[in-house]
Every structure is written in C-alpha cells, then in structure tokens.
Amino acid sequence: MSREKILIEALPYIREFYGSTMVIKLGGHALVDEATMEDVIKDVVLLRFVGINPVVVHGGGPEITRLMERLGKQPKFVAGLRVTDDETMEIVRMVLVGSVNERIVSLISKHGGKGIGLSGNDGRLIIAEKLRRVRRGDVEEEVDLGWVGEIKAINPEVIKMVVTHGYIPVVSPIAVDEQGNSLNVNADTTAGEIAAALKAKKLIILTDVPGLLRDPRDLSTLISEISRDEARRLIKGGVVESGMLPKLEACVKAASVGVVCHIIDGRKPHSLLLELFTDAGVGTMLR
Amino acid sequence: MSREKILIEALPYIREFYGSTMVIKLGGHALVDEATMEDVIKDVVLLRFVGINPVVVHGGGPEITRLMERLGKQPKFVAGLRVTDDETMEIVRMVLVGSVNERIVSLISKHGGKGIGLSGNDGRLIIAEKLRRVRRGDVEEEVDLGWVGEIKAINPEVIKMVVTHGYIPVVSPIAVDEQGNSLNVNADTTAGEIAAALKAKKLIILTDVPGLLRDPRDLSTLISEISRDEARRLIKGGVVESGMLPKLEACVKAASVGVVCHIIDGRKPHSLLLELFTDAGVGTMLR
Amino acid sequence: MSREKILIEALPYIREFYGSTMVIKLGGHALVDEATMEDVIKDVVLLRFVGINPVVVHGGGPEITRLMERLGKQPKFVAGLRVTDDETMEIVRMVLVGSVNERIVSLISKHGGKGIGLSGNDGRLIIAEKLRRVRRGDVEEEVDLGWVGEIKAINPEVIKMVVTHGYIPVVSPIAVDEQGNSLNVNADTTAGEIAAALKAKKLIILTDVPGLLRDPRDLSTLISEISRDEARRLIKGGVVESGMLPKLEACVKAASVGVVCHIIDGRKPHSLLLELFTDAGVGTMLR
Amino acid sequence: MSREKILIEALPYIREFYGSTMVIKLGGHALVDEATMEDVIKDVVLLRFVGINPVVVHGGGPEITRLMERLGKQPKFVAGLRVTDDETMEIVRMVLVGSVNERIVSLISKHGGKGIGLSGNDGRLIIAEKLRRVRRGDVEEEVDLGWVGEIKAINPEVIKMVVTHGYIPVVSPIAVDEQGNSLNVNADTTAGEIAAALKAKKLIILTDVPGLLRDPRDLSTLISEISRDEARRLIKGGVVESGMLPKLEACVKAASVGVVCHIIDGRKPHSLLLELFTDAGVGTMLR
Amino acid sequence: MSREKILIEALPYIREFYGSTMVIKLGGHALVDEATMEDVIKDVVLLRFVGINPVVVHGGGPEITRLMERLGKQPKFVAGLRVTDDETMEIVRMVLVGSVNERIVSLISKHGGKGIGLSGNDGRLIIAEKLRRVRRGDVEEEVDLGWVGEIKAINPEVIKMVVTHGYIPVVSPIAVDEQGNSLNVNADTTAGEIAAALKAKKLIILTDVPGLLRDPRDLSTLISEISRDEARRLIKGGVVESGMLPKLEACVKAASVGVVCHIIDGRKPHSLLLELFTDAGVGTMLR
Amino acid sequence: MSREKILIEALPYIREFYGSTMVIKLGGHALVDEATMEDVIKDVVLLRFVGINPVVVHGGGPEITRLMERLGKQPKFVAGLRVTDDETMEIVRMVLVGSVNERIVSLISKHGGKGIGLSGNDGRLIIAEKLRRVRRGDVEEEVDLGWVGEIKAINPEVIKMVVTHGYIPVVSPIAVDEQGNSLNVNADTTAGEIAAALKAKKLIILTDVPGLLRDPRDLSTLISEISRDEARRLIKGGVVESGMLPKLEACVKAASVGVVCHIIDGRKPHSLLLELFTDAGVGTMLR
C-alpha cells in the first residue's frame, strides 16, 4: 500500500479522535517485558502528538507476589482474589504506587511526555467498599478477603484536570473507602469504570492474547466484533476464562455509556497505532 | 484574652494570607506519631478553609531504614547521606511514594480535604543531578553515593495546577534526572526549593525542637528571629548541628526570593495555627 | 478557652461565610452613641477582611425629629408612622441621605473600608407605593399619611454592582414610586426586603435589647431561636411590642427565602463578631 | 436645512462620541428653574441613547444659603468662599447630597434613565485638604475658612464602575480628607478635576451666560474658541469676572490632559444637543 | 423643523437600532446609475457609524443580458425567469460575483467602510434546488429552466462572522445545491430569506417606484403600511405586477419571523436615512 | 515500508503542523485539468482534518486570455505582463473572481470543506499601486501597462477571521489602490506576500515542473534544497526562466520572515501530502 494511501486512510481517524480521551489498560507482558513496555509507552506519548488524551491504568499482580515472597509472606487467593490483610495492603500500595506507577511515569518522561501518577486516594478518585460476596460457579457466598474492594464511584475531576493541562495520568488500581482506608481493586474493572466515568471515546485493553477467542485454545476463533448483548450472554454462560472475564465485564460496563472498547494483543508491536489509525483494526471490538 | 480580642487579632492575618501559598515540611515526630500527624493534617486542612493553599513536603528516613532491614539490606551512610544503589532506590520510592505519601493523602481525605500525591517524576517536578562532591569539615571531596541527587531545578506547574483546582499537593522528595532516573534528595532542601520556585508566602518546617537554638542543649537560647545574613554566618561557622543544617539552608534559599520562613515545634499541638493567626508567633522566623 | 480552640472554632465559620452577603441593620443606640457606632463600623469593615460582603441599612427617626423641631415643624405620628408632607419629606431626605448616611460612609472610610451611600432613588433600588391602609388592633383603616410608602419591589442590581467591586453599600430607607416621588419607608422593613432580594446569607438587626423577649420586661425570657411559624403566631397574637414588630416581620420575610436572621444587642461590644464566629451565638435567631 | 442634511451631519458625531464619557456641570439657572432643569436632564438621558456616558456634577450655593437662613445661621464669605464651620458643613451635606443630588437622580429616573448619587465620601471619590491660603488681587494670604477644601486627588474608580454598568453618576461637590472629615469644594473645580481624572472626551459647563465674553457686559464679544495659553493669560491678567474664573480654570485643567471643554448657555433650550451634534457649536470651546 | 427637534426625533431611533442587523436590497436604478449607487453606498456606510450592521444583497439582470449579448448568446425567459444553461450560468457568475459585487465592495471601501463580497458558494450560504414548477396564472406547470434554483435553506454563519468583525457583507444571488452546482436565484427572494434567517431588524428593498401602489399607474395610491395578511391577499388576487411580486413575497416571508420590511424609492436621495431616522417614513412598510 | 512505520513517521509532523497556517498556490495544470484540480482540493480539505489552516491563492492567465478572445479583444503583453485597460480589468475580475475562484470554492464544498472566496477588495486585503517601471535585462524602464499593480501591503485580518472560523479562504490575485481602483497582480507574488503577512508555517507552490531545476531542460538537475542567499544569486544571475522567476522571488520574500517554502510538482498525485507528512519530501525547499 502506498504512503499516500496510508496517510489518506489515517487522516480522517486523526480528525475523528482529536481532543478525545482514551483509556489504555496495561497488563501482563506489557508490564513484565521492559522492551515491550517501552514500545507501548512510546505509542502512548505519540497519541498526544495528534491531540488524543491517553489515560493509562496499570495492573501489577506478579510484582506484588514477588515482594510479598521476599518479605516472607505467603500470598493467598480466594476465587482468584488476593486475600489482603493490613500488611499485604501496605505491600500492594508500595508496589503499585511506589514502583510500577513510578516506572511508567519515568518512561513517559523519558520519551518526551509529561506523566502524573495517581492512586484512588488522590482527589478521592476511586471510591470502593469492602467486597462482601463472591460468586463461585452458580453460588454467591459471603467472604472476608480483608482489604479487597468493589468500586462504588469514580470522581473523575482529578483526571480531567490533569488531562486538560496536557499531562498523561497513570492510575494505580487502589481505591479509598468512606473512612479513608485503602482497598485493593481489580485493574481491568478500574479501567472500565474510569472509561465510563470519563465517557471516553475508547477503552483499549492490552493483553497477552490476540483478543476474545470463542475457543481459548484455538487462535483461529478470534471474535473481531461483538455486541454488548452477546458479551453478556457469554459471561452468563460461564464460558469465558477467568483472565478474560473482568476484561469483558469492563468492556460491557464502559460500552453501556457509549465507549467503544477494544481487547488487543499487547505483545504485537504498535498494535495500539494500527487499531486506531487503519481501517483494518486488530483484536476484538465491543460497542 | 477574650474571644472577640482573639478574633479581632486573627481576622487581619486571615485577610493577609487569603489566596497565598504556604509550603509545610513534615518530618520527625510528626511522621512517626500517629496522633500528632493527624493533628497536623487537621490544621493543614483547616488552612484551606480560610483560603490558604498549603503544599506539604514530607520526609521518611526511618521508614526507609526499616524496610531495608526487613529485606535484609544494611543501610550505609556517608557524611550523613544514605548510599543508594538500585535496590535501595526502589525501596526509597516504595516507602516514600507508596507508603508515607499515600498515608498523608488518606488522612487529608479523612479530614475533609482533597489531597494529591506527587513525586519528582510527576510532571518532572523536581530535576536533579547525581551528587558528586560532599563537604566534610573544611574539605570538599568527591564521592559516589549512587542515586543521591542534588536539585537543579523545580518545574512548579504541576503544583500550581493542583493548587488552583483546590487540591492539597503532597510531595515526596524524589527527583528525576535528564535520563529519567530517579534520585534520592533531602526533604528539607526539597521544601526550600519548592517554596522558592512557588514564591510562597511562607515556608514552615515542623521539627522536633522548639526552633533554632543558639546552644542546642539549652532550650532557653531559642532564636525567635534571625536575618538571612546571620543565618549564613552560623552555617559557615559550622556551629549548626547536622539535623538543623539543611533546614536552615532551605530557609536561607527560600527567603532569598521573599519567602518568610519558620522553624517550629511540630510536637506542640496546633503550633501551625498559633504561628499563623496570632501576634505572638512560635519558634524561629527567618526572612 | 485557649487561643487555638477559638481559632479552630472560628475557621470553619470563616470558610462558610466566605463570599457571602450579610445585611446589617443599624438603629437605636448604635446610631446615637458615637463610640458604639464606631465600634460597629470597625467590625463591619473587618468582615470584608474575611471575604464577607456586608450591606448596611440604617434608620434615623430621632435625627429627623430633631431637625424638624429646629425648623419649627411639629412631628406628627399616626399608628406609629410619621405623617410626611412635602416639607417633611425634604427634611427626611436631608437627614437620612445627607447626614446619617454620609456619616456612616465617612466612618467606613476612616477605618480602611470603601463605602458607597445609596438611597432608593439610586438605580431605582427601592420601589414603593403610598401607604393607603394601616392596622390598629384588629381593624384595618384607610389613611393618608402623605409620603409614607410601602415597599413593592427591590432592584438589587446596584447593590450587587457595588458589592462586586469591593465597596460596602450603605442604604437609606427612602423609596421611589413610579412617578419618581420619594417616599419614607421603615428601615427594618427595608433591611428585610433587601436581604430577601439579595438572598443574603444573613440578616443581622442591631437593636437596644438583648433580642426577642417573651416578656419584654424580663430579660431572662430571651428566645434564642424561633421558627418562622412561631414568629408569625406571635405577630398575629398582638403580643410583640411596637418597636420589635417591624424587626420580627422583616426577619420572617427574609427567612422565607432562606436568609438566616438574627436580632442582637448592638450595645454589647463586638456582638456582631461573636454572633458570626463562635459556636455560642447571641440574641435571637430566626430561620 | 433638510432633515437628511442634519442627519448626515449628526451621524459622524454620534459615531465619534459612541462610548465616550462627558462631564456635564449643572449650575445657576439650570438648578433653580424647574422646567430648565427637567429639559437638561432629558437631554442628558438622551445622550445615553446614543452610547455617550454622561457624568453630572452639580452646584447648589443659593440652596445652602436658604437653609442656613431658615436655621437662623448667617452665611459669611471670605474672598468669595463660604466660611464653613461644623454646623455649616452639616447643612452643606444635607442640602447638596440630601436635597439637590436626590432631586437630579429622581428626574433622571423619571425620564427613563438610571442615576446614582455620589459624594466625595463614596469610594473616597474626591480627596481634599483644608484650604490654607487665598489670593486677593496680587496678594496671597493665609486664611482659616473652616471646612473649605482644595482638591488633591480624584479616585475615579467608583464613577467608572457606575458608568460601566449603565448608570448616570450625579456628583455632589463634597470632598473627604485623610482623617475622614468632609470638606466643602467648588463645583466647577470638581467638574474639571473629575473630567481630567476620567480623561473624558468633553467637559461641558452649563451656565447663565452665552459663554466666555471678552467684555462681560457686551454679548457680542463672545469668544467662540480659545486656546489654553490664551485662557491662562486672561486668568493671570485678572480680567475674568469671579463667576467665570473657576469655570475657566476648570477648563484649563481638564484641557491639559486632552479633554475638550465647552462653556455654554444652560438657559438656551437643548444647547447640549446642538453643541454635540451639529457643526455649528454654541458658546465657548477650549482645548 | 428645528435642528434640535430633528435630533431629538432621531436619537431614540439610533438607540433602538444600535447593534441591529438590516438587510438592504439594491436593484434597478440604484445599480444602473453610478451617482445614485454611490449615494446609497455612502448611506450604507453611515449606518455603521451609528452601530447598525447593514447586509447588502444586489441584483443584476440587465448586466447579465448585456454580457450574454456581447458573447452572441440570446437571453430566453420563461414565466419571467431566465433560462440558464451551463454557459449562461458561467456568465451569471462572472457578472454578479466578478463585476457587480466587486463594484459595490470597491465603493464601500472608497467611502471608508470595509466590504466583503459573498456568493451562495461561500460557506454554503445559500442552499437551493433546481426549480421544477412555475405558476402561470392559475396553472402550475412543470418546467426545465436549467440552472434556475429555488432557495431551500440559508446558512447565515458566514454573514454573522463577517458582521461581527465589522465588515459589510455584499451578497450575490447565486445558490449552491447539494452536489455543489451553482444556481441562479431571484435577488429579492434571496434578500427576504437572508433577512428571515438573520432575524434582521429590518429588510429594506430599494426599487424604482415610490413603494407598493394599489394602482401601479397611479402614484397617489401608495400604500404606506400593509399587514402580512393583506399582502397575502393581494398576491393571491393576482393584482400585483410582476416586478413587485417577488419583493412583496420576500417581505411576507421575512415579516413572518418578525422582520419589519420596507419597500422604498431608491431614486429619491437618502431615502434610506429618512426611513430609518425620522418619524415620517417613506414608501411602504409591512410587518 | 510498514503501515506502522509510516504512521510513526507522520504523527510528529501532524503534531508540528497542528494549528499552523499554510499558503497553497494553485496554478498551471492544477487549474486546467479538472481531475488534477479535484485531487488537489481533496488534499487541501484533508489538511483541515489534522488541524492545518490552508489558504489557497490561485492564478488564471489562460482563462483570461480565452474570454478576451471570445469578446474580440486582442491580449497584449509587455515584459511578460498583460497590458490591462479598463475593459481588460473588468474581464480579469469576471474570470478570476466570478469564474476560477467560484469553481474552487464549489469543489471545496463538494469535498466536505467550507470555502470562502476573497479578492483584494474584500476587507482591503491586497493594497497595490500602479506598476510604473519594469526591468528588461539590465535596464529598468518606465511603462504604462494600465491596471497592472505592484503589491504595497497586505491586510491579513480578513483571512485570519475566515481561518479562525474554520473556513478555507480562496484568494484571487486582484488588488485595490488607495482610490478604490482594482489592479491586476501576479498570483505567485500575491501568494508570497500573503504567506509573509500571515507568518505562515509554509508556502507551497504547485506548478508543472518537478521543482527548481539548475538546468530547466534537465530534470536530473532538481535542486532539493536552496538557501535564500543562493536563490537571490540565481535571480540576480538572470538564469532563472521567466515562469519560475516570480515563484522563486515569492519564496525568498516569504522565507525572509521565517516561512518555509516549497515548489512542488502539482501534476504528481498527492504531492502535497507526501511533502508534508513524510521524511522524504518532494520538489525544492527554500528557507
């Protein structure tokens, strides 16, 4: 394809996206592999060159586990959720806010952008309550997982302020409750809630698979577009694997207020740019 | 003294300070003792009630040492400065940004304010270079202390943005160099540089002594007011004890652009309010 | 009570009142006794130091009577209202606008504020019609008292303009009718109508008694708080004495649009400040 | 002259004057004769119809004398200036502010404009000092005339505020000194100083003669245009009669900052409009 | 009538019209006779002196016919409408936009105004469709007149922009269809539609007769004011002659949204000014 | 080259050009060949999609010659300049403003943009004087070419207004003199002067050759970049062929105030986009 064709294809997207907000969730490989992370951050900074306001939300489970182990603390999970006592919560904050978030902000700075790290404490950005019940199979049961929260509200003012002034916000998935306690919340869910609260143009979840697969073991079953209703049926049907589940739920939530959602392969170089500026698109789109 | 007298005394101060910025350095006892810290934060939040914009800068040396020890790492100091290798720097960031800063922001939120945690990475707030030389007695010698920095510039835009929108910024003393590396910087120095860059109305350093003492062992030798020139003479004379030295230097720096500086006793309840709103004043003033 | 307690008590009030408008009615002793008047004006000017916008309304009956007598004119009252022929109206204007109002504006200036005198003519601030009927006991009867008016409308734009630009407006209770004639109106009523039209935060009536007394002869029967409904019952019951009646009616009127009203003792030094900035409060509150 | 010629002649003046400020001094006949006053005020209100901002300054000597006499006080003059003791000053304020000024504001209102009465106390508009010396013939001598002032400064902010909001300010010639005392000042001088402080487009003094006459007894000696230098020579020469002197001095003062000044016959109907909107002009122009 | 009477009569009109928009249609004699055209343009420029925003719409039929003939092309009319093939349309554009419009803009410039020429292409100002049907007597029949259009919509943004910035827009009656083709539209209709879209204060049509005549051959039958309903009756009755018909229809259209319309004699000097600024008025008014 | 590489290459250009103004000169083939013209206009409209403000300037010599011939008028040239009598000037205006300009505005509209046609008359955009002297070889001689002008000043306000409101201005090279006469000016010169007056980011001249050739007959001698000094030397040396001469002079003029200039091949599809958004560049750049 000739250069001018690619440009003529891209320019209308650039116009369409100018001034819009996009929430980008970084997780998995993109956090673990230094080179991939740097590539993704480069693309995020490029987005601001064409007037897009990126909002980064990151995860960090493996890093938390690693520090816990170094401090001689055995991680414990119930229904896929990390049991979070006081000391674990302190470790979670140190890893997410003090380590992962700081690292992303540094990289943004290194590539010519201006980042600002945020947690749910900052401007009471993410309000949550303790999680009281989880679903196992068909049964919902009461649990006490310590400082594990479910999000109740987003106060997006602080993100809007930061974005308006030309900064790229980087958000750690830590929430605050009414009493000022910190709570551990899921990063995909956080990204979905923030995208919804901002009425973002897009939510883009970078992950380690090509997108939503009808059969997780067969890459040829990639679903390139799915409706909200169909996604809800899949979720209810219990056929979505556990890693994809919160991602798909986050998309359904955000799409319900008009956010266009994409689950794409963060391992593929520049998948972010290809998704945004070419007709082809990659991964799975949900709207 | 009657209520109305106290009010009539206070109202003109309130008018004078309305809309002004004050940098408040928290350290020592005020960080260690939970009740004292909560009292100080309550007063900080009250300041916003009367139109003052507080900017909090915190330290955290003992907390860093504690985590290093838990992780089996021996803290090492040269000329009072912490030798900071890669792993130590990671620990410093986790403790200052992920633990102490988050805790202060939580308390602000608990008492009705809206805080935002910042490090020198955020918006490239604090720019530093590696420290290459230290002074021991009369001799200046070359050193390599790892990621220990000296501040070269402050980009106060991010603080101004945060303050303008009604938030209380809480700053961790971590700087960034041109290559995007994090550096460990002194908290008192950071407070002084930020106060100068903001052309703050006041810099108030809360510490564990009543103020600057002519004889550190004799509380009756409190200096209630000192000029910049005299302070410089004391510093040169080598008679200022090591804990007070960076505080006094920070005041001299800030005062050189018109900031009125106070070193006051953070252990005394509400010393902040008494200093600001009564004719008496407490501690040592430098201008 | 310690200084810091008083301050901690006062600061939230200062925040609450910042930017709000308060109508202050001066009458009786506060107009007659020079020292008291000067004290009150000092406090009014202090209010602007903490961001409050005071609006002063004054009376002046005794001063009018004095000049009438000097000019050889016998004052005549019907149902407590001054019969006002052309010449009397001219005297009323000269005394209120040319003498009392000017005196208050001078004192504001002397104590560092900037006042502006206004009458109902200025910007057609107070619109009235001739009073046609008065109530004596249970009977309403037709009267012709000359240029005595009842207020029909307030055009608060001129006050808002003055306040927005940092001036303290001082209002004389003179109204204007559709034909441009001047009318003599009650000062308490004027204060109540202006407070209502401005949707002021508070209406504070300074008078010569401690507040509303259940038994006017017994100071121990002070009513510290009263509801609008109860006030209306008292008024209907005919048990309110004639001096207090227009004050109470003014409060009921203003309170009906959300103004919090206070009738306090203007003879007590700094009662204004104590009412506003302490938990205790003085006099009678109606809301 | 045909209607269209008059219009074509007038429209460029209307454009030229749009948005400009004009100080109009009312005195003599225009204050005494009700019909003339009403005609002048009608024209003043019309000026706002075409975007001109009129500022009215009035006199009132005869009215002051009348009230003094009614109150049994003998007016006394030295060098043409009214000796002003405390009681006289009180009478001056009552007459100028409470009577004449109020009357003009009422008439403005009656003819569809919105006036605001001002004295030198309002917003510290006119600052003066006690007059210490007067000139008699060639000799300057010390005097004590009581509360007679000479103007030291004008704070035009309050007039600008009023004008910006669409009101017509009406100014009484009363000044205030640093101690807050009221002082009696000359109305022509006041008009000239205000015109200068506002850098008005024009100063128009309405008087009882056709303009400046070379020979006061011979109307055919009207000077239709005079330079500042020539006016100064006339003043120095002592040939200007006493009523015209302060008018001419006021014009010289105002003209020195670029105000175009006119002394015109206030007894001639609509002389104001003819002066402003026709090529012919009336009276004497000084620039 | 005295000068001052004329001024007093005119000033309220000037106030009333200040800031308002007036659409002025130039046709017939005013386009053909150089001196008349220059007089009209002078008056149009004068209008801006008193804050009126004139919008000029022009015709140009005779000029088009002349160029067609020079190029050896025979003009053809059906039902009074010019049959417009491709070549004719090109000629229409050249004459209206390149010749007549440019000439008017030059004259505006010559007399101190700033004009901007516009056609319906500019900012898609005038949207039309091909005319498909015409009315002959009582019968409506299908026609194909080539590029003759009927107006479907006006996009007045470009006119508003031009007016807001102090320019006088001059509009040629050429429209554009959805496919970007140019269409020939009636100038009176265009003026009426633009006046309606702008919700102009007035539409003034300059023509070669004194106004609407009840009997076109009898000047004494001038109708000085007519209601919309009556105008509609005349139109339906078929008694309006063909030149007046589109003018009257344009007025009915514009009047339906509150525009006051005038058909006046463009041959009479300064009829525009007399209509606007005197009580008398000239020609026919419709509202 | 991969899609993502092309995008990564283009995005920084898009950022750099966002909000900037670019003057694009259309001439030669791009005006004659319908398909080429449409392609160029499509690209011009695309520029607005990425925040660039294009300003189009067009020529039209061959079209003028054609209409002159149809009207039986023999074109005459002196030193390459069209002798322009009154009738010729009228033809020039009709062709440029009424035909070529209208056609470009229509095409912009057809492709989704909003154009506005302008000539030098509009808002007195282009001020010129009659050309009095021309250079032939080394000799400068006096001439009278009729209405041929040389540009004296540009009033860019009207272009700025149009651009600010989102329109694409299309400018015909017709100027106006102080007396309001129209003058025929060179289109390349006009483009250069307008680019300079606007301090445009770029001036791009589309022509029928690949750029500036060292030897006009040898395409391999294309100069891809040239300094202003070198360009001046070429011009002085008399080796630039007559068609390229005004283009090169226009570039030198514009470059002297910082405009980056490009002479590119308008026959090559999308040369505009390739020049702007790829590292390669096409044609000749002068800065």
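First chain written, first letter: the chains are A, B, C, D, E and F, and each begins at residue 1.
Basically, contacts are C-beta pairs under 8 Å (C-beta built on N, C-alpha and C of every residue); 3 or more make two chains touch, one makes a residue touch a chain.
Keep in mind that what you see is a predicted model, and the values were worked out from it rather than measured.
Note on connectivity: the fewest steps through touching chains from chain C to chain E is 2.
Looking at chain A and chain E, the chains in contact with each of them are F.
The minimum number of touch steps separating chain B from chain F is 2. Of all chains, the one whose mean C-alpha position sits at the greatest distance from that of chain F is C. Residue numbering at the chain D/chain E interface overlaps substantially, since over half of the positions present are found in both copies. Comparing B-C with the candidates E-F, A-B or D-E, the pair whose contacts agree for more than half of the residue-numbered pairs is D-E.
Note on chain placement: the centre of chain A and the centre of chain C lie 61 Å apart, centres being C-alpha means. Mean C-alpha position of chain C lies 35 Å from that of chain D.
Residue positions of chain C touching 2 or more other chains: there are none. Chain contacts here close into one cycle, and each chain has exactly two touching partners. Of all the residues in chain A, the ones that touch chain B in their complex are 70-71, 90, 93-99, 101-102, 105-107, 109-110, 114-119, 121-124, 157-158, 161-162, 165, 167, 174, 176, 179-182. Every residue of chain C that touches chain B in the complex is listed here, in rising order: 1, 3-4, 6-8, 10-12, 14-15, 18, 46, 49-51, 269-270, 273-274, 277-278.
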